[in-house]
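Here you go, one structure.
As written, the chains take the letters A, B, C, D, E and F, and residue 1 is the first residue of each chain.
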């Protein structure tokens, strides 16, 4: 499980640090002497799944390359309230300069991982259905949030508009129907890419299957229709469910034989995980 | 109410567009002809408060300067499900290229505004208490989220570590107590800045008042203690409440005479507002 | 056929202009008066296929928004020596400032398109084999070069390491064989992505087919082996040929029923197309 | 011989890595365990001249600062097929993440160095004529390509429009002739800069010499005219030949007493050098 | 006293190095062998106050991470002509590549610190008046110059337009008077921010006091008026003097009981401090 | 006379605006209504030479593309106190947002132009000596400051370390003397570049002339030595004087027949020109 390579993480971190520290830190500069050393402990204040240890560390290194960060919990670990996730040791000033930025990253990413884990855990035992994310990510943080989804046991959908085909309503209309839309996409897209199409009815599904779509997104289907859809498809295409999927519906959906359930909320509506930094001065 | 100046918005938008479009849009390129024109309507699917109209427009302009964006609802407007917020008109390809990025911005920002509005509306009639944000913002999006808080009727806390003093636990310990911490901060900070200090007990409050703090943050106080705090302070300092503040507590807190309630959740845990883009081809 | 959205093109152009113009243009500043106006004509000096009209125009606009660029030949057009591709009209100084940068872009991209067209034209009449590019692109110019390949009648391979699976030698060894490698990739990758694997022998091909690979890259196969490979595969997987593919072999390869021939040279070794800018002063 | 300073190389590398890795590496993440270690050997597959060792190393460091890169062949070295240029040791994942980007740089730059060396070697024994590059470089890679030209035994022309004067056709017309053009340039340009002018005839050469040009570019002269030009100039100006220069003409041109032959093809049409990375797992 | 965090300094340094070194260093490359080592000593050539040691060091590290920089004089130190401020040791080439950029930073920042120190030293013994900077800083260098002002014994004014309120002429007119302007600002700005207003007469001061302004800027007051102003204010507001403040007036102004004197010249008109780099080759 | 091309100016402006406006403008947002319109007049408050009109305009356009900027005084114009340089018209908010940044640019650049003009005007009537700048420019602003020097009637020295050779003390020592240093530089540098060398004695000058240096920098020569130097050189090399050059010495130096006097102070110690913006509301 990877996050992002060093140089790309550093770009994100630099921008985030600039928001908080371009004008310095009046309080810390005024009250903490330059030579002071301390150790900080990032502690979970609720049940959560960790994600973002790499970016947490690099946020501190963007402030001061001399800080030592230790990761006690790997990304993907389930953590109880009170458990220590990471420690940071070095200049007390530097730790305070970087604290908020590092926490803002780790709280958001662990929030995404924790919510994803709830969806994944709601699947019935032995279900082979995937919980997947969408492109409804926070502008600027897509790579990090996709990583967090994986840390929570979820799967990624296509990364961007250039990495796979997903034919929607407007594309179908413009192409003159489901079959020509699938054919045009197949003729245009890289041979490494599956062709997915979104349908809203069982009849749409039948057409999409006939057109040879590899993946079919069943938009806003009810449970009964989904059962029929699985029967109809007979494994000829990967079936994805999306739209109106709440945590409560997951157990039921996971039993229907659907391949993928994609959930925008994993990234666009996950509440932040509650994580704080306890600082102790070192003499 | 301002958002961000043009050149700074464009930087944010360019980065966000790069995430989704650096490799093109396979589907749209395959199915929509270059000359096609369309009009898109951004429609609310739930009750919400709008925020981010500027960045919504610029996301489309980052794709194609020739798109025409019309804003039917100003930032801060309360909107019913079904109401149209904005229209975009021009190349059908360009609208589809920019759709997801523009929506990702407007959904997040309107989500923040909508949640803020719920907190503000929960204050008792006539209350002079402010609902304020914190520095717990999404890395890279602070300026936008602070704007969204204002659009929802809330207020901003300090922008960053360099724009105001907020003395916390570790600063107090390092400085040798509340009084020396306040004095050092006053001696160091710009004369345009108030000095705020965080206390956890009524005795801490008394010391902070004696030290001449301008603003006092009462951390995790219970309601009864807060009443005593207001009595004790007698208007000599601005009182801010933070920590463990839920929507349910707002009505009660708003009646106590507290000046400010700061709520991290406004920016770190607001669910996205539900907004979609309906596209109609123009012949 | 798209190139890149406006804001991403402008970033590339700004960097390229900075290389040539950060210190001004001594010669033009010394000899051309500020008010002079001129028209430039970009003329082909050899047979070529045009690619990059968008970036050609934006290179001039990065110098001076007031320049008027007219595109007489669309990307993908075949052009004879002497034909005019584009005209630029406005300040003579501005045209000279931007000339070299604009030409450097259009010559390289048209070079890629022209070479691709030669490979595509070498396919036998009616062949359904695709000529595709690889990730062997110029650092920083991938999106532009992929566009140029399409302008020349070629197809794109996966855009980057995150948009599709391509299992190579080292991955197979690490995973413990072809089957486990394919299975792990299938289990990990987005459901929108095909799984491709590279094999070097017919026995490898048989294993890859048995493992259910969607696409199989036949690395350095000779023509006789390729015939056997097509027979063996029976359409159960997309077959891609790569390695040691010269222009001379294309006619033969294109008759074998292979789906894709990928050619690194399209982007890493295409000679620049010969295009010049003739400038005429306007009184 | 220098390449670029560390901080500027890192910027180029970060952009190039972003193209390939912003969405992760599906295949490697799926098949290679995080703890695996390996050593990679960059091997020449043809006769070539090495260029770009610095950027090759930094491409891997942009992925992972913990990789150890050893340079066995310095820039400028002539290498036989099968020889090892560099080794990279560390995390197997990190090496695979960076492989393509590092190779894309080194193949292009070694291609430029190798082609330059062929031109330089084609000069007759003892010739004092320089083979020089032009400003026809790949957008974004000028500094690297100029370095590669030097690694191949060539020389650099002016770096950009601000570092030296080169008066061409349009400048002469605008200035009202060769003499006024040279005078205006001399009066305007820094005193550290020579004044070069392009002429197309022997009579133009005579005028340029009379005007006191320091360097005269003889554009598209035939061999006989060049002999006359050398006689005419009598060392009063540096003579540069450009236009229509093929590898075949170099031997002849190099015997004429010309000072400089500038060749756009060195940078705009050099085929990539064939270099691969062999990876061996370390247990 | 902090300067800037590592990652933000590196961005500034990279841009500055690009200006001087994007095209290499012809002279040093030609004359200094790659293996040569040297030590450089930054020496004061006049009386000065040091500022910018961090950025001086990072300028060299942006060239070559292997250079060793030692700081003999901390920021804020007063230095005699001939004293050594810093030493740099390592590759002779690298030191020469970075020399000018490092000196350009340290000379400017030490110039600001030195001028500030002259203003501060001009205050009468025991004066509690602050010498403060303004927003009239060099574009791109604000954080560094504010640091330099502190190194010289001065204080900072607000960092930017978002960190504190300062109501000027046009704001007052638009708001309909001093009182409504103060009230609107109070109602809008963060509760952590003081409200400052600029007045030009004693009657304006009286109104500003009545309106409850926290800080009052007395613009272009003469000494006699300032005395009256202090009497009038009776400590109810912080008083700042600005406009027409020369070094000669400081002694007098510092005796009046004014809280702050802000001086644009500290950053917009400070002459560079005279510092050179003496280089000695190491065998 | 050019400044910088549009896209490079915009980068500089965006960074400068970010320093002042990333957190908004509390005061203007609070007091000026969104619809208000105004006109601002940039007025000289002292005798000055204008420089930077382009960047002044673009600073406002970076805030708001809708502002209309009119340039009443071209760069290089001499202006009396009270004269209007530029007008800006449009949204009152936008003008106030951009005011400080635009002024910071124009004040600094006009300061450089004004100081340069004083040096140039100090030359004796008819003197052919150039006043030139150095590389001692403000980090990040080199191109703008070099333009300002030209606006003031001065000339530019080499732009950067890659655009011309200037051999100094350490280079001479490393190369083994003046002759080998000049030879190595000549052998390495582009043929478009002159070779300059710095000498400190008349004997050094003699050696430099013998070695064929094109330009010789006479470092810290006294007037009598300079006379001898001119006699010695007999026009065989361009002579440049540098070091210890004050405004008072210019008249004398300008009569000696020296070609160039380079003055670091033009860019590193020019006081800002006094320019203000008067704003008038439009009803």
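We take it that contacts are C-beta pairs under 8 Å (C-beta built on N, C-alpha and C of every residue); 3 or more make two chains touch, one makes a residue touch a chain.
All values reported here derive from a predicted model rather than from experimental measurement.
Novice: What chains do chain C and chain D have as common neighbours?
Specialist: Touches both chain C and chain D: A, B, E, F.
Novice: Write down the chain pair with more C-beta contact pairs when A-C is set against D-E.
Specialist: Answer to which pair has more contacts is A-C.
Novice: Counting shared numbers against all numbers at the contact of chain A and chain E, is it over half, same, or under half, different?
Specialist: Different; most numbers are used by only one of chain A and chain E.
Novice: Counting only C-alpha atoms to place each centre, which chain is farthest from chain B?
Specialist: Most distant chain from chain B: D.
Novice: Would you kindly say which chain has the C-alpha centre located farthest from the C-alpha centre of chain A?
Specialist: Following the centroid criterion, the farthest chain would be F.
Novice: With centres defined as the mean C-alpha position, give me the chain D-chain F separation in Å.
Specialist: So the centroids are 32 Å from each other.
Novice: How far is the middle of chain A from the middle of chain B, if each middle is the mean of its Cα atoms, in Å?
Specialist: 22
Novice: So how far apart, in whole Å, are chain A and chain D when each is placed at the average of its C-alpha atoms?
Specialist: Taking the mean C-alpha position of each chain, the two centres sit 43 Å apart.
Novice: What is the distance in Å between the mean C-alpha positions of chain B and chain D?
Specialist: Computed value for the inter-centroid distance: 50 Å.
Novice: Where does chain B touch two or more other chains at once, residue-wise?
Specialist: Chain B, residues with two or more chain partners: 19, 21-25, 29, 97, 143, 159-160, 162-166, 190, 193.
Novice: In graph terms, nodes being chains and edges touches, is this line, ring, star, complete or other?
Specialist: complete
Novice: Would you tell me which residues of chain F are touching chain A in their complex?
Specialist: Listed in rising order, the residues are 19, 22.
Novice: Could you pull out which chain B residues touch chain E in their complex?
Specialist: 130, 132, 155-160, 162-166, 190-194, 196, 214-215, 238, 240, 259-260
Novice: Where on chain B is chain A touching in the complex?
Specialist: Against chain A, the touching part of chain B is residues 12, 15-16, 19-33, 36, 38, 92, 96-97, 100-101, 103-105, 107-108, 111, 135-143, 160-175, 181, 184-185, 187-190, 193, 264-265, 268-269, 271-272, 279, 281.
Novice: Please give the residue numbers of chain D that touch chain E in the complex, ascending.
Specialist: For this pair, the touching residues of chain D are 1-2, 4-8, 11, 143, 146-147, 159-160, 163.
Novice: Quick one: which bits of chain B touch chain C in the complex? Just the residue numbers, please.
Specialist: Where chain B meets chain C, its residues are 10, 13-14, 17-18, 21-25, 29, 34, 61-65, 93-94, 97-98.
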